[in-house]
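Two complexes are shown next, each including chain A; its partner changes from chain B in the first to chain C in the second.
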Partner chain A sequence: MNKPSTFQQYVTLLRKDLQREFRTKDMLSSMGIYALLVLVVYGAALSQTARQFDVLQMSGGLLWALIVFTSLLGLNRSFSHEKENGCLEGIMLVPLDRSVVFLAKATSNLLFLLVVEVVVLPLFYFFFLTTTQPASTWPMLLLPLLVGTIGIAGIGTLLSTITVNTRGKDVLLAVLFIPLVYPLLYACVSATTVVVAGGDIEGVYLNALLLAAGYDVIMVLLSWVLYDFVVSA
Partner chain B sequence: MAEQCDKDLAKVSDADAIVLDNVSKVFGDRHAVDGLSLALPQGAFLSIFGPNGAGKTTLLRMLATLSRPTEGTISVLGIDLKEHPDEVREHIGLISHNSMLYADLSAEQNLMLTARLYGIADPRERVDQMLDAVELSHRRLDVVRTFSRGMTQRLSIARAMLHDPEVVFLDEPYSGLDPHAVEIFDQLIDQVRQNRTFVMVSHDLSKGFAACTHALVMARGRKVAFEGKDNIDFEAFASLYRDTVGMGVA
Partner chain C sequence: MAKDLDKKLAVGQGLDRYASAVGLIGALLSTLGFILAFVLAAPVNGASVDGVEMIGGQMVSNQLLFSQKIFYFHMPAAVTSMVALAFTAWFGIRFLTTRDARYDLRAKLATEIALLFIIMTMFSGEMWERFEWGVWWTWEPRLTTYFILMLLVFAYFILRTAVDEPERRATYASVFGIITFIDVPICFMITRLIPSSVHPVVFRTDSGLSPDMLVPLLLSMFGMFCIAFALYRLRLRTETMAQEVDAIKREIDE
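Coming up: the complex of A and B.
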């Protein structure tokens, strides 16, 4: 045996998640369908209020509510197949750094969330922004979207590992996840709203992005460091 | 089988494969394993018996590095498990009633995953070899979800033996297997048994006793008896076991 490098083990674990999702498509299909349904519900809910409310000012909040709840669905599923047949224990029997397991799982969660966002974002634009006049800066929302999704995948992966063996894991994940992700959510909603509705790009947008990026660095590093303790407990 | 056991006893070397020194595992205020000490020679086959809640699986999980002892020290092949868990992991394999196989991946994908994680030199060749050994080559591309319980267990043996471990742990491996699958499982274990140390947790007294060179009876986290098979009279042992099971859990 030649002990593989940490990077080789990371690629192996990531490939496993991609192979599994490519075969079953259960995370992507469930998140995609759920996101579409939320868009339909948004449409119905806002259809009678469009004249009184400025949809552009609400767009950031609507988009991020959609992303957070869709992520919760995906994160809950991301570890359920690791629990089935004791697969996670099988991985833990291998001589590898536990943080590699975290990084691989967080990366696959990030990729799946980004794929869903690539599908959902044009639909969101079509449903809510075509009848209004978004600011010319609206394509800049891609940056908060990426930074926010990284944070959600990072902290979400740690929390889904913690809750996977609990009885009420679906609820518990949401109860832990939403308060923890609140600062990131707040920053991303601010940054998204300001580029879609127009406003102080240099002030609000950059400050919000800095806050979100800082959150990502702290929370992803913290999750990475704590992961060994969490999976070994 | 007795001849086989005698042969295996003859193979036992002086070095100990597993040494437990005053090992305890505490959950809250409950001692799942309480001050257990023993030494198992290399090449031995230890069967662990005891009622539900005796601490058998907790002990096996600690030996397999899946759980840390609260107190005491464990060494496997002379390596301290607490200090060097990754080194220990290179030398151990676990076959459990849980297959540890991804149900939505094929047999080949599952074994390739394990082979790459361990860094096996020629993973493709080794996977082919193990699929042949467990007679699943013809199902290599089928997803595990479509396998029978017996086939899944055979594949889990292949997974556990891929990196050629010197110490193998078996956690109630007969659970859910039909008699034919049990027979095939026993044949496979016999094939890989030479020069390896085995530790098996089983509720099946006759099978566990037939396979072992050493027997450990546990109750309430403690050692009730630990003997080499040569020193054990089966009837007396069965009686002790029944009394122990009667003790129930703490």
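Coming up: the complex of A and C.
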């Protein structure tokens, strides 16, 4: 029998995650509901100010706060179910490169996050932005959304692998994740805000996007290299 | 190989014999730096005053910043904390390649030193901010990235306490120490990347520092390096001794 190629291993691991999610709808449903509830909290938080201030200027920040908190919830879950039935040990028994495990897990996390974002974005518009007119450049926000989500999924996969073996893992993931992801968050918020609210697109948007992409490359590469140590510890 | 490593990681010889002396020299140098900052370095021009005003019994057209003296403490402490974090990352890499717990101990101690200097920097920076910018906090780029650095160092210690098995704790801490180091160059470079920052770019060839300012600055920076080094070596010796005592105790119990 031939040894499966690295790509086949990757596809198998990824398919396993997607199949599991397709059957249980565990992560997607909890992340979706959580995101909706955060929107409800925003509704209460903004209820007294909505008439007086320009919600467009805040929309980038609000959207990214929503994404960060929702992804924290999803990342926490992505490894806890691997832990429950000793699935991770099973995967580790297979003679495969550990970085393949990282790539498969990061890809599945990325896909789940993107699905949730696709649902949340129209809802966000529906609840908060129908009274105003977003700038005509708003479709450009998809790019920072993608770049930011890649970074979140990459670094989040490494950190959730660390925290799944610690005490108080839910809190610890937030403690490690939020400061690390801050530069990315900052860049994505500025890129998103400038295309939604209008402004100096060329200067701000491109710079912020470059910063976010650079952060992605460094963080994903570093997580990829370091993953072997973390998962076999 | 193992013997070489043992020799390299030995504690109590050469370096440690002079650690206290180096610490003392560091304290003297940085004190000298601070004193020179007051007697040698010229006051810095601050915000220009509208027209000519009477300040401190003198007619001046722009206000001289006395509080700028904090710079001679603030910046060396910040640089020292960053250097300490570089050592954390370095020892983290060494641990991951050798799996020697002694490197993990060194990484932890380097981070402790970094935390000490980060708190010194934040404290002095906070005073500057209050007196010169008139605010308690602002989301200025350098300030924010340094604040993030502080949170990351806190997270490092929280992570350490949350894992029980020593081997696993050492691996996780090393990995996190290496990732944390990413923020150091970001924090260092941010004043160049985002020029709107209020922090000046100090390290450059045409630095605005005249020799009378550079001398106190370098003296206190060198002094702080010495202090950090001495503290680190002394801490290392204490910890190593504590481990040895523990090992002996366990032997006696058995």
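We adopt the following convention: the second predicted complex is superposed on the first by the 232 of 233 C-alpha atoms of A that agree within 3 Å, B and C clash if a C-alpha of one lies under 4 Å from a C-alpha of the other, contacts with A are read in each partner's own complex, and residues count from 1 in each chain.
Simple rule for what comes next: contacts are C-beta pairs under 8 Å (C-beta built on N, C-alpha and C of every residue); 3 or more make two chains touch, one makes a residue touch a chain.
Treat the numbers as computed from the prediction; the structure is a model and nothing was measured.
With the two structures aligned on chain A, chain B fits next to chain C without clashing. Using the contact criterion defined above for the overlaid structures, shared-chain residue A:95 touches chain B, although it does not reach chain C.
In the superposed model, A:19 lies in contact with chain B only, and not with chain C.
With both structures placed on the common chain, the touch criterion links A:176 to chain C but leaves chain B unconnected. Look at A:3: by the touch rule set out above, it reaches chain B but stays clear of chain C.
Of note, the Cα-centre angle with chain A at its vertex and chain B and chain C at its ends comes out at 90 degrees, rounded to the nearest 10.
In this overlay, which is a superposition and not a single complex, chain B and chain C have their closest Cα atoms 5 Å apart.
Chain A residues in contact with chain B (one complex) as well as with chain C (other complex) do not exist. Contact residues of chain C toward chain A in the complex are 96, 144-145, 148, 151-152, 154-155, 158-159, 162-164, 167-168, 171-172, 174-176, 178-180, 182-183, 186, 193.
Residues 1-4, 8-9, 12-13, 16, 19-20, 23-24, 81, 84-87, 89-96, 232 of chain A are the ones that touch chain B when the two sit in their complex. Within the complex, the chain A residues that touch chain C are 155, 158, 162-163, 165-169, 172, 175-176, 178-180, 182-183, 186, 211, 218-219, 222-223, 226, 229-230, 233. Put simply, chain B touches chain A in their complex at residues 64-66, 68, 85-87, 89-90, 92-94, 96, 98-105, 109, 113-114, 116-121, 143, 159, 163.
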